[in-house]
Structures are given as C-alpha cells and as structure tokens.
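One chain, chain A, links the two complexes that follow: it is found with chain B in the first and with chain C in the second.
Presenting the complex of A and B:
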C-alpha cells in the first residue's frame, strides 16, 4: 500500500515587532496571530519565492497544525517530497500580517509525535536558560517583588 | 467534540462520522488561551482561543538587546502549559484511536466476540465498547436461530459436547468423522509437557468408540481369547471388574497377523453378593425376553448359567477402527457360539453386541495433580455405604501420583452436579511435614460398582435437570453471596467411573499417570469448567501424542506399523507433506533425490523387510504384453506377510529365540505356544517358519549417543563393527568446533537401511534426542549378535533425517522392555 509520507516542521516565530517600537505600547505582536494567518503568509511566501509551481507542489499538503500565540511555536505539516520548498518559504518569511517575525525552524521530523516531543524539549531548554539567569539577580526582577513592595507599602499606610 | 449544528444529535451521526470526530478530537493540541492586552488594531483571534488568564509580557530593551524584565514564573507557566498540552496530545492520540477497548485487556481476557458483542467485555469497559461499535445490522427478518445455525454445521461431522469451548481456544480439524481439537491456539508445547509432568492436563476423549458385549461369562471370555493379544497378562484379574485390561485386538484367530488396534476392555462387576460364588441369579435389569427364554429352558440351562453368570463388557477403541473392531468381535462371537453349539447342542447362548458410541463421555486427566483436581471438583454423594470407597475417597487428597495405585484400577462412584459447588478448589496436599501414611487401595469389585453401566439410568440423565440459569437463580437466593449450593432432592446424581491410566514402559522412569473419568452423555459441559477452573491445562491430539512419546510408549496410529490404519494415517500425512513440498520452490526445499533418501513420504516397510513390493513405480502404465505372464505372477503371490510383534512378553520370547540355533523355528514355536494358550489352533502349516521371521517387525526406542534429535521418518541404518568401535571410543570426548567441522557425508547405501523412525523429537523429559521406530526382528537379532561380538551392552545404530546430511549414532532398545 502506498503511504503518504510527511514532514512536520517545528517553527518558532521570534517576535521582533516590538523591538522596533520603543515608545509606543505594543501595537502588534505575535499574540494576535492565528494558524490561519500564518497559513496565508506562508502561501504568499511560497508563491513569491517559488512561483506557482512551488505552490502547486506543496499546496495540497501544507497545513498549519498548531500555533500557540503565547509561546510562538508552530507545527506545520508538508508532504515529504517537496518539503524543502516549504522550509525555504518559512525561512524567507519576514513578517506575518504586519507583525515582524524571524522564523526559526527548530526541528523537522516524520511524525507529529516527534515534533511534539521536540517542542517539549525546546520549552524545557528555554526555561532552563532563563532559570540560570535567576542566579544573576541584577539582570531581572520579579513581578512578585513589585507586588510585594506595593502591598507592603499599602499595609503600612493603613497602619498609620 | 465540536458539533457542526446546534441541533445535531449524536445518534444521528453514523459510526464513521463519530469515529472521525473522535480521531480529530484526539489529535488536536490544546493552545493556551491568550487575551490580547493591547487595545485597538489587533485581530481578534478565533478558533482555538477562549477566555482565560492573562499571558506573560516580555518587553525587550532595544538598547541592551537583552530582556530587561521578565516574570519568570508567568513565563514558565505559559511554557509549562504548552508542554502539558503536547504531552496530553501524544497520549490521547496514541491511546484512544489506535486501540479498541478490548485490546487493552490482557490476552487471557480477550474474547473474539468482543468486537461485536458488548457482553464479552468486562463491565467497567462496557460503556466505552458500546460507544465504539457501529450500528446493528438490519432488522429481525431472516433470523436463523442459533441452534439451527449450529446444527447446520454438524451435518457431515459430529461435534463433541465440549466443542464450542474447544473451538474458541484450539485449532480444530475434521478427524474420523468428528471435529476434534488438535492443539491450543496459544504457544503451549512446553507448558503442556510441564503440566503432564508436574501439574495436570485434561483431554476430552469422548470421541473414542464404545462397544458393549453382553453374554455368559465363559462365552465372553472365549470371544476375547480369540481376538486379544495372547501375551496380555491381566485377563483373569480384570474379569472381576476391578481393573481394566489394555491390550491389542487382532482379527479373530489370526494372531499374530492382522493387528487392528489397541483397546481398553472393562468388565462390569457382578452385583454385590455375587463376587465369590457365581450363583444362578439373573441380573436385576435385563430384557424380559431373555428372562422368559431362560425360564423356559431353566432345567437345561441351569448347568451352564451356574458356572457363567451373565456379564457385560465394554470395549473402548479408537474411532477410526471402530468398524474393524466391531466386525472382529462379531466374527469372534459367531465362531465361539458355533463351537458352543457343537459342544452342547441343546443350549441356547446369546451374545449381544451393541454400539454405544455417544452414550458416555470420557475425560483423561493426566499428571500428578490429577487426583487433587478430581477430588476438589467432584463431591461424592453422602449415601455411599461402601467401606472401601469411604477409605479411598479421602486418600485421593494425599495421592501424589496415580502411579501409587494398582494399574488400571476402576472405581465407580456417584457424584452431585459439579455446578453446585462451582467455583471449585483443588484438594491440598498436606504440607505440615509429617509423614503421610499412604492408604493402600486394592482393586475390588465392590469398589468398581457403578450405575453408569445401566442403560436406563444413563438415559434418564441425558438432560441435566437444572440449566445454568436455574442454578444461578438458586444461587442468587442465597443470603450470603458466594456460598456453594446445597444439594436438593431434585438435583441429579451422576454415576461415573474413575479409571487409573498410565503411559509407561516397564523399564523406564518417564511414565505419565493420571485418571480417565467416564460419565454419562449430556454432562460434558457441566464437568469441564469445574475440572479446568483451578488451572488444569487442556490438550488436543498433539498433546496426547506428545505424552505417549515422552513416556516412551507407542501411540496408535502413529507408531503401529503393519496395521491398516497406520497405512491410512501415514498416507494422508504423506499426501499433505508432498503437496507442501511441491508448493515450495526448489531452492527452499530438500532435494530428496540428491540426498539419497529412498522414501521420503512414508516408511517402506516392505522394502526394509525384503519383501517384493506389490506394485511398481508406474501404476498408470498398462503392461504391453498380457497373457500367460500375468497368470504366473498371480501364482507367485508373496507368502511373507508383514506383522508386528508386540506385547509384554516380547523381550523374554526374543531372549529365548536367540538362545536357539534355529531362530525361525524358535519363533514359530513361541507363536504357536501363545496361540494354543488362548484356545486357538497352531498356525497353518503353509506358513513357513522363515516367512514368519522374515516378516516380523518390532518397535524400538532410540536414544542419541551424543547430540542431535531425529525427526519423523528418519532412516535407521546399521553400522559395521569398525564404525561401532570408533563411536564407543569417541563417545566421551566432545571436541570444540566439532559441529562446524563435521563434513556432510554421502548417504549410506540403501542396503544398510534397517528401519524408520515413526516419531522423533527432542524429548523434553530426557533432555536429549529420542525416537520411536521399528525394525525387523531378524535385524534385531543380528544387532544383538554384533553387540555381543564387540563386547558392548547396548545396540548401536545410525540415524539420518530424511532431509539431513549427517548420520548420528544412537542406542537402540526394545520398546516393550
């Protein structure tokens, strides 16, 4: 029996939109994005960079299976034969719907299970990196510290 | 699950749609809902987003290029949610869609009908199973009842009572008009062997035919004398009915030729009070016709009936040879009755021969635990007044193996319906360390009394009074759930026979012992679960044959050359194997021509014995020349008839024959002595002694000298003195790498073939290769002489598998010794 072989791309969209706007609040960020929007952007990218033949090769099987606005991780499914076209299109993306992003392909696998496992590993890796910075207290401060400071002040004010 | 329309009902969806929804649901990954904190200008996210807690804020300080402030906890919270969602997705995608609910059960709880019958799944999983299965088929039109559909399948074959139980767990085959279990579907060759050695294993042998003979004792004795093996020693012992007799049956008056099959003979014990002196008491029940006859001729008959009371005999045989055995018994009975008529012209003796197939069931429980299993599963009735039985029944608890009992002892008893006490518990051997004084059970006719011999009692019991659901209703009325049911007056009491059964050869320690349980028809299914519940394995034909093989005994029909059924059995087997061989591509099958195997499909005893083969190679070709040539050939019909020399006295007879100078005459004299012992005339003078010795085959056991295990139909060769000496010298030494350096030798010449192996395998109880085969008696005598010459105590031969290239040495031994 003929099997349909796929490739699953685990992509992280690094948000650079807010890096530009320093003064303004956060006009646009990846939090407003959606699987549908990413698909549209991807389609445009394929057509722009690889033409109609590229879209014809990849379009049937291209699907955005998962996207999380909070962590900016995206899982995209492509057929195995022309997955490099989709991969290239992802890499050449500069923005999705006026949100400037830098796509970074973290993992490519044949099953979604391994893409999911790789997402878990990536998350743990990121958390571990941030946690090491915990040791260097000067570089960060906690929102709870703020809250603690604020509430102590309020209580002291009441006491008086 | 996302419903497309509001009013959509789950019932409306077809099973396929439901499945698709379920799959889609299992495969989606949950996304942490994000509420956008910024104001206008953002696109509202749809789809997977729902209202929820706020998300993290990550602000970049463009000056430094590093995150200026981050909330570590909220950051990790978001990531943790995603990790959790991924893991859940992996789990549900793997579990819910790829496995049905009953696939999560362990193998021994899975049922084939679980795919369509929800009741076959344990309660806790039933709802899930109900959701999983599709919609039921069309309505009740054209519904054949289950009984009808099952009966339709039984038109050309007979099902045993326990058929459905076996069909669910074993591979079934049509054999001898019955549908029988060959082997369990689970891999159980070694567990079944272990069960026969250390545990217990059950085999439903209700397919064995039963023939009943009724008549005066002396007449019946003569009938048996004409047919049975004269070498059997237990005839007198078994006449009281306390023991069974296992012997071979021949065509009447033609011992030693025309062996038919081994049979088991049991006599009905005389009613109590008649054991010592046979009196003129007619049996309690009997045909009124015969009573009238006897009353009319009472005066004349008084003499004979005083000496021989009316007895009954049961003869249990293999079902395939039933017709032959029935005919043999009829022939023998007619001969005996004719002789009687000539002697006492006015006496009218009758022998009734009846076919009792299907009127009794038999289970064979083998293994050391068999006694405990039977004691635990069966509960004898309380009103049994026999002292011997009262001593015997409790002694079963401590019986470690049935070998402690006299061979073939018969115990008749009555038991309650075994379903009352279900689930049963095995009787426990005493383990408190104190020495158990074994109760000696002696065979006694009074112990063997049983009502199962009574046709009326059996017919009353053909249908159990209580069905399973009636018993379950009774059980539900118990105040304390789980208490066994108390027997009620209307409950059935079933008479049965316990017969000790042993597979053993006189000089070996590898015997397998157990019980045969004989009970009336209609009770197969009530008895089976009770016997099996505590862990008794169930075996089919293959296990039965393996038991005989491991015990070192011959198994009918596999190991009995020179019987008609042996030829039929091996012919069927040859057809199957040849067809398989033909189907296999030449590169993957053995090239028998090249290997030099003379007869790879069946054992050609005629060539081994040196007899002229009946028909040549080409049966389809008609000889071109006809006429006087054919007539001459017909005259020269071979006078040598092949026959099997078998019985407990074979070793002594052969020892005697070796002492004599003239082996042929010696053998003839012995055979004639045996024949006259049983009232048959000596062999016809037309049988030349040389022909008698020439056509004699004897069964042998073979044990490998060092390594290797022979297969079925392996060829046995003789070896010359030089080789024999080399083998005995090299026996002890095992060279490393000997295996790799063994060059394949050319096959030995066909003239040195002395026999074939009928059953060969690696014997699990011996730990080495073992085989059962047959060789001619003349060759056996030669081998004995050779062994004497070389100063050896054991006979040496070579064995080569029919597809093998290496001949391996083996020790040869008489099977009957």
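Presenting the complex of A and C:
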C-alpha cells in the first residue's frame, strides 16, 4: 500500500580519455574509480545543479549498488518520485574525480530483476562488439567468457 | 531514428570573416582543405556518437553538419566548407549526413543579410538553413518573414541560450506564427552541460560558458519550452568537444526537467527533426508542395456484388484514396530523398 518504489538506473560511463585517439602520456582511466567516488560525484552534481532541495528529495534513497571498472557499468538505485532529478544529475556529470566521462543511462527499471537482465545483456553486447573488432572469434573465448561468467554472477548477487 | 542537428564544423584557415566591407578581398586565404588531424578528430567524434551513444540495431542517426556564418552571406567571401568535408568522411551505414548553414543575425543584419533571391545559388547546396537572432527586431524578422515557404525559407530558429538575460522577449504571437508556418525552435543541450561551445559562436559573441552560462541556459530553455508549448521544439547538440555528448534518452530527461511532457520531449529529438528535414526538402519545390497528386480513376466495371453494402464500401474506399494522395506520396517521397 505504502510501498516504497524505486527506480534502478543502469549507467555506463564512457571514458573519453581513451576514446580520444591521441591519448596523453598518462590517460586518467576509469579503472581507478569505485562506487564511493561515484557517489560523491553524484552528490556534488545534484547539489550544484538542483540545490539543497534537490539533494533532499533524492539523497536518502540514492545508492550506488554496483560498479565494474572493466566495463564502466554502474547500477544506481533511487526513489521513484524524484528519480528524474537523479537522472538529470547523472547526465550533467562531466567527470568523476578528475576523470572526464560521458554518462549514458542504458536502462531504467522499477525492479532489480530487469536491471540485472539488462546489465547482463549489455555486457554480452559489449563483449560481442570487442570480438567483432578483433575479428577473431575462436582465440579469445577464454578471457571474455571468463569475465562474462564472473560479472554475471556478481550482478545476480545484487540484493535489493 | 535519432537526430543530431548541430554538429559544428569550422573551417581550418579562416579565423573570422571580414565583417562589414563586402568589397574587400578576403585577407586570409580561406583554404577549404581539412587537415588530416582535423579529419581524424571529426571521425573520432562520429565514432563516439555512433558506437557509444546511439547504438542499437534498429536505430539510425542523422547528423547535420553545421557551418556558422556571421551577419550576412556574401557571394564573394562565403565558402562552402561542408561539401569538402563530406567528401572526405567515410560513409557509415546507419548514419545520414546533411548540411546546414547557420546565419547569426544581429543589428547589422537588419538591412538584409543575404537571404535574398540573388544569393539563392549559395544556399542551394545546404539542406537546412538556420537563423540565430540576437535582437528583437531580427527575431521578429526571422519568425515572420523567413518562415514562409519559399526557396529561401529558414527552417530552424536557434536561440542563443547562454547569453545573460535573453536580450529579447519571446512574444507568443510571433512564436506561434513561426510554428504554424513550420519553423522550429532549437535548443542546444551543450549549454546545460556547460561545455565549451562552438568556438566560432563565441567569437560572434553569442555564447557564454561557465556557471553563468549554465544558469542562463536553464532560464532561457525553460522560457522557450513555455512559449512554444512543446510543439515546434527540436533539441540538438551544438557540442564542440567530445566529452559533452549525451545520449538521446538522457537529453529527453533533461527536457522533462524543463517542464516539457515526456512524450513531447521524446518527439523533440525524434519526430520534430524528421518533419523538419522533410520540410527542408520542400524548399526545392514551389511553396512547399511535396505531393504529386495522383489521378485515381475509380474502377467502374466491377462485378455486381451480391449485397449493396460492399458496393458502397468500395466507393468510399476510392473516395478516401482520391482525397488523400498527399501524405502517402509525400512520405514516400521524403523517405526516398532522405534515404539518399
């Protein structure tokens, strides 16, 4: 009746430092990020763009549930009523801890189940794209398969 | 199908075009060749857009390369840089490239800024024309005279959203006329992210970056949405640096934060630009008539049907075919031409 409704945002942080062909000497990479840094960056973004009232609307329920440094995939849980504020804050992020990123929300769902399914499907998509780029289907089965299995397990282990 | 109507491109050689004197020879040799490094940069941005943001097996992307021109188009100094560029970029399946010209209007352009019959050949190769008014007089000029269907009509009215206190008031009547005539108003989302906007725009004094730029963006964009009531709005990039691109759903969410309803926000990036491109193709026709009326001769010799009803049904069907050739023909026409 008075159930607490959530929205689960599946966000991919696209690394612009490596997307750029002419990389600098030490490209700051998203390998060094983790959930805590993302949470801090999100909090700053909400406060800068939507003020203290924005943070008040969203802050209590905002959690970073999962982050994988290899695919830059992040799962964020927000309350449903003001999830658009959190979504806007994610979009307006330009960098996390001095790493320039492009945030891209892949999927928004109301249950964790579908967020998990979408995350697993997205991982498979990304791996498939890697493989077509390498044009070498047979050889790299080991490393990617292993990674896929591991990440699928991690994702499915998420609790509400 | 998603659209990004504003992919700003600046020429390599030219810094700022000679502003007032039409008769002076252009001092810098405006070389239209793009250096390989620039090509690589542009290709990298295109890669980013395509693979990272718009990926989906069913989506295509349509990009409008934007060339900005100051104040007036001169036949002598104006150089079409986009043709060269398009030849050098490799064709991507799933992306359509189009050409757009933006004319920045300010006080000097009140007398006339080259969008006249004499210069029709100059604007011909561009698919879309946009105007960027900065004063109220130019704004009313843009809304009223230049949105009428004709070979010179402007299709997009872009507004400088990051200037402090939008210098003119968006009058409801003007905006409504423009939308009724088919012009659309453009919102560039680069201003919200606070990124460094197109370099050429800032030399024209139209944009402002940093914190105040962002604040002005929110205020002005909200105003545009309110006055246009969500109908003739198109959202586009205007992004100069790579790190400012955002995916289409994220932009639609930003628009909902501006007060636009969810379905209208989605339309602003999908449906409105599509009809805009169709309308842009109408520039090549007389007064925006796109359809080829087909002559339907009702089949008079039908075997007499057993009941009266089917006879009536067939007649009605013929009537409906006759009375509506335009949407079908227009849409197939448009699709053929847009598919290139």
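What we mean here is this: the second predicted complex is superposed on the first by the 122 of 160 C-alpha atoms of A that agree within 3 Å, B and C clash if a C-alpha of one lies under 4 Å from a C-alpha of the other, contacts with A are read in each partner's own complex, and residues count from 1 in each chain.
The working rule: a contact is a pair of C-beta atoms (placed from the backbone, for glycine too) under 8 Å apart; a residue touches a chain by one contact, two chains touch by 3 or more.
Bear in mind the structure is a predicted one, so any value in this text is a computation, not a measurement.
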Chain B versus chain C as contact partner of A:14, first or second or both or neither: second
First, second, both or neither for A:91, with chain B first and chain C second: second
Touched partner set for A:4, first chain B, second chain C, both or neither: neither
Dominant contact partner of chain A by residue count, chain C or chain B: B
Touching partner for A:103 - first (chain B), second (chain C), both, neither: second
Common interface positions of chain A, toward chain B and toward chain C: 19-20
Of chain A, residues touching chain C in the complex: 14, 16, 19-21, 84-85, 87-88, 90-92, 94-95, 100-105, 125, 129
Chain A residues within the chain B interface of the complex: 15, 18-20, 22, 25-29, 31-37, 65-71, 73, 75, 97, 112-113, 116-117, 119-120, 123-124, 126-127, 130-131, 134, 139-144
Interface residues, chain C side, partner chain A - complex: 40, 44, 47-48, 51-53, 55, 192-195, 242-247, 249-251, 253-254, 256-257
Chain A partner contacts - residues on chain B that touch it in the complex: 27, 29, 31-32, 34, 36-39, 41-43, 45-49, 55-56, 58-60, 62, 66-67, 69-76, 78-83, 86-87, 89-90, 93-94
